[in-house]
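Two complexes come next, and they have one chain in common, chain A, joined by chain B in the first and chain C in the second.
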Partner chain A sequence: MKNLWKVILLSVVVIILVLFALGLENDPRNIPSPLVGRPAPLFSAPALDDGPPIVMESFRGRWLLVNFWGSWCGSCVREHSYLIELARKTAKRNDFVMIGVDFKDTKEGGRSFLASLGNPGYRHVFDPDQKVAIDWGVYGAPETYLVDPTGIVRYKQVGPLYDGWFEQIALPIMEKKP
Partner chain B sequence: MWIEIAHFATIVALLLTLLQTSAPVVGVNMQRPVWIRVGRQASFMAAGLLTLAIMGVVISFLNHDFSVKYVAEHASRSLPMFYLTTALWGGHEGSLLFWAWLMALFTAIAVGWHWSTHARSIPWVLSILGAVTSGFLILVLFLSSPFERLTDPPFDGQDLNPLLQDPGMVFHPPFLYMGYVGFAIPFAFAVAALINGRITDEWILATRRWTLFSWAMLTTGIIFGAYWAYYELGWGGYWAWDPVENASFMPWLIATAFLHSVMVQERRRMFKIWNLFLIITTFALSLLGTFLVRSGVLSSVHAFASDPGRGVYILMFMAVVLLFSFGLLVFRADRLRTEVRLESPFSMEAAFLFNNLFLVIAGLTVLLGTLYPLAVETFGSSKVTVGAPYYNKVFIPIMLGILLLMGVGPLLVWRGVQMKSLLQSLTKPAMVGLAGAGLSLLVVVNHPYGAITVGLVLFVIHAHMTDVWHGIKKRMSNTGEGMTVALMGLFTRNKRRYGGFIVHFGILMMAMGFVGSGLFQEEKNLVLAQGDHVVIGRWKLVFEKIIDVEGKNWKAQEAVIQVEGPAGAFTLHPQKRVYQDHQMPTTEAAIFSGIREDLYVVLGDAVTETTWAFRIYRNPLVSWIWNGSGIMALGILFALLQGRRLSRKIAEKGTVELERGT
Partner chain C sequence: MNIKKPSFALLMLLVVGLWAVPSIATEQHEDPTEALVREIAKTLRCAVCQNQSIYESNSDLAKDMLSVIRTKVAAGEPESAIRDYFFQRYGDYIYLEPTAQGGNRLLWIGPFIALILGALALFSALKKWQPSQSRPPEVDKDAFRNRLKSEMDKID
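Coming up: the complex of A and B.
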């Protein structure tokens, strides 16, 4: 009993140090989206190609990948080639569809971005005043959301997608749910 | 050129601090005093060289030498001269160099000062302080160097973050650092005493002024930070329980406990282990604060550049210091058992014991609130923040308990009073307090905490005044002096005690400010068109127009608002500033500060062509916080004037073994 305080004191010091050591692994930028596990916000928004507006509900029944980008965003350039490849690879799947949301951008900017880097072939929402982006809780670009066939957000990727992302992250989630 | 000189000086200073760490240990073990003197010279030279290094960086700033990375990132050609100088601590790298410089400077002063009076401790003090300084210098030189050059220097720098271009922010960091670093000296003396194994009370006496000084600096630093948050950040408040704020508050709480409990050791030779624990914890928490701020383990509104590499190093450094010093304490504790026991629960020492318990528990609650989000994130996956609701629930009751003790304290004497006489002397202050609480509940205050605080404040004031009054009366009858002379005599005879009283008055005033602004803030969010008016409290505000204004390195939109109120009519000019080279606009709140309340107006965004968003706050009693802190500062200064008289008195009694010089 007499030496109890010594044990407690040293344990507390060690526990705090260990906590810090483990805490160093945390990434302060990795903020979980409160949207994950909840229904994705619905939208019906104008398209970058001036075609008919893009309606969120029309994707029901299929997995939906929503990629937020802008021509002003440097990292979006980095993931763009992967997006083109992913769109090509998944073109045959009828349970999977991709769209882009070009936000905080001008129409000319968004179009010349696609023209110079290549158009992945799927449609893009044009969201200059961030109506959609704010609804979805986007705070940077690029950000990508995986929405399940019932309209529930299953995953949020902050930062660019990378080679193998679909197989490592998206497929396991898609296959887990019947 | 200058930056290379600074870099070289720092490298040599690192070598010297390593010498300062090792030479005295050799000297003690081989019984060769010359090695201890080598350590002393090394510490002097390191202090000089680091002064040169600091000058080198400052001169690089003044010369607009943007080929220096640190200068390019934290200054620009349009930055005013004043901020150009203080940009030294505007960033991580410079702050750390500044830390190391203060450390070396304080070491040199302490070593010069205590060289002959504390010869037995000095070698270890040199060694410990040298180790801490070299730890910081390694960080500066290898992991966050402010001396790096850019191969392709820009024409102009990126400028200092506009939020930091404010007088409050200029003084906040250096005072905080002086506080943190200042506690290193008592810490070193405490650890030296533990290593020596001759734990007399001399370390406490030696470091009393250092402790007071560091506590004063830390207090001032925290207040400057709160003041800056209030005037610059434009959210109507001054304290957000942010992890980085807590990082400075925790050492303050523990240091405050230490400040009180050392008196018990001086007078009654009790609490020896406890005092060592407190000072080690204070310094450990200072390091912890640095770690939290600089490693990025906690996300905080302060959002400093974080870097895991630095984090790992600071953590290792902290682990060494903490395990070494706490380990030493545990290892040596048995030699320190005191035979003196508490004689009465109604004694001064018991009051200090409770004061300490409350303060340490307060520190623990802040620590828990700070670490809890980290633990949740590490072992779970979700992010949580602990904010005002938690602290309001657990922290305010503890603080009210401390206020109560503050009032009881002066009524007690060492070794204890009779229960009956205590009750007798408690009656009057308690009645004044209760009456005040009841009255305030009836008149203005509609919140229990508010009423309790008012009552406690009156209770404490009455108790302190009674004590002073008794002192004066006694003196008048003993010496036949007049009242004013007796008051002066009383205060100057025991500057520490009455300096403490003045500090208490300052704290009471601040407590009123916290209650007023915390419980009775009124906030209005609205959209105004030109010519609209709004009424808040006793004030009527008319939004006249928006004009464009310009400063040396910023442009702003400024709202002109006519105010009519009890203090007459005046105009307020809240601004939305955009600094050159920066995208983000900053808000410059317009504040009318009065004794009763502050009127605080923030200009928001334009909603349409002709309407603007405004946030208007009525913040009661905020100026009491700033004025109270001023009184506190006066009290501390007064207490610092106390020489070594008390210690000599104790020394003559033979309770202290003063050591003669070599």
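Coming up: the complex of A and C.
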């Protein structure tokens, strides 16, 4: 009986320590997205370039990279050169398309961001009251979603994309699923 | 003393006036939709501020989430549907109070299990600490007497 209690006490302490160790790895700012593996929210939203509205469903049949950004976001500046490079690199792929969502921003802010840092060439949704962003479960910038040709979210990147992200993260997902 | 009277009367008037203020304040009636908006927003966690509800937070995201709730309430969506809308997008992180479902159940039941285990441990420990009343230690009286005698003899 005495030993039983010792074992119970010891295992409780061990369990607490293990949970604590696992918890240390967690970033409280990183909220796992329940959208991964589920259909991406559809939208038809105004464009930053004042052109025709951007309709989510028009990208069906292609892999879609949706990048949420804002001119107010420092990490987006850091990420921008990679987005330009990625857009250039994937321009010839007819199974892959990129769009941006400029949220919580002013039109002037968004446009001058692109004018000064370079325009990657793809279109941007203009989402000043972050309706689209909230619909996608965005809570910071930059955040990027990879959506498969059937409209299912396959990956969410919280924080900036980095050199080699496409080859390391996106390509393996795209090649696994037809 | 006489000179001070008017100012005292003025002071009393002010004090009485202050008493009346809350009764005026409570006369404002809240819009029932706003009450529901508040009820929902108070249970949802602002996604960028760790432990504040959407209703209490001043962050831009919380304000925009609040306006999404307001739009949905105005459109007549039930409370459960609105809560579920945020749950589908932000996961159970969004609930300030964890739901009693799935793995979360452990959070709710865990403390009670710990309490029961603790009570059992205390009970068994208390039982052990009690002096055993069954029998006083038996002393072999003859052996004791003999031993005492021989010790005394040694001294002599």
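Assume the second predicted complex is superposed on the first by the 176 of 178 C-alpha atoms of A that agree within 3 Å, B and C clash if a C-alpha of one lies under 4 Å from a C-alpha of the other, contacts with A are read in each partner's own complex, and residues count from 1 in each chain.
As a convention for this text, a residue touches a chain if its C-beta (ideal position, glycine included) is under 8 Å from a C-beta of that chain, and two chains touch if they have at least 3 such contacts.
Since the model is a prediction, treat every value here as computed from it, not as a measurement.
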First (chain B), second (chain C), both or neither touched by A:K104: second
Which superposed partner A:K6 touches (first chain B, second chain C, both, neither): first
Touched partner set for A:L22, first chain B, second chain C, both or neither: first
Which of chain B and chain C A:G140 touches, first, second, both or neither: second
Partner chain(s) touched by A:D129 [first = chain B, second = chain C, both, neither]: second
Contacts of A:L171 with chain B and chain C, given as first, second, both or neither: neither
Set intersection of chain A contacts, chain C complex versus chain B complex: 28, 31-32
Complex interface listing, chain B residues touching chain A: 277, 284, 288, 291, 295-299, 306, 308, 311-312, 315, 318-319, 322-323, 326-327, 329-330, 333, 371, 374-375, 377-379, 381-383
Residue ranges of chain C in contact with chain A within the complex: 47-48, 50, 60-61, 64-65, 67-68, 87-91, 93, 117, 121, 124
Touching residues on chain A, where the partner in the complex is chain C: 1, 5, 8, 28, 31-35, 38, 41, 104, 129-131, 134-137, 139-140
Touching residues (chain side chain A, partner chain B) in the complex: 6, 9-10, 13-14, 16-17, 19-26, 28, 31-32
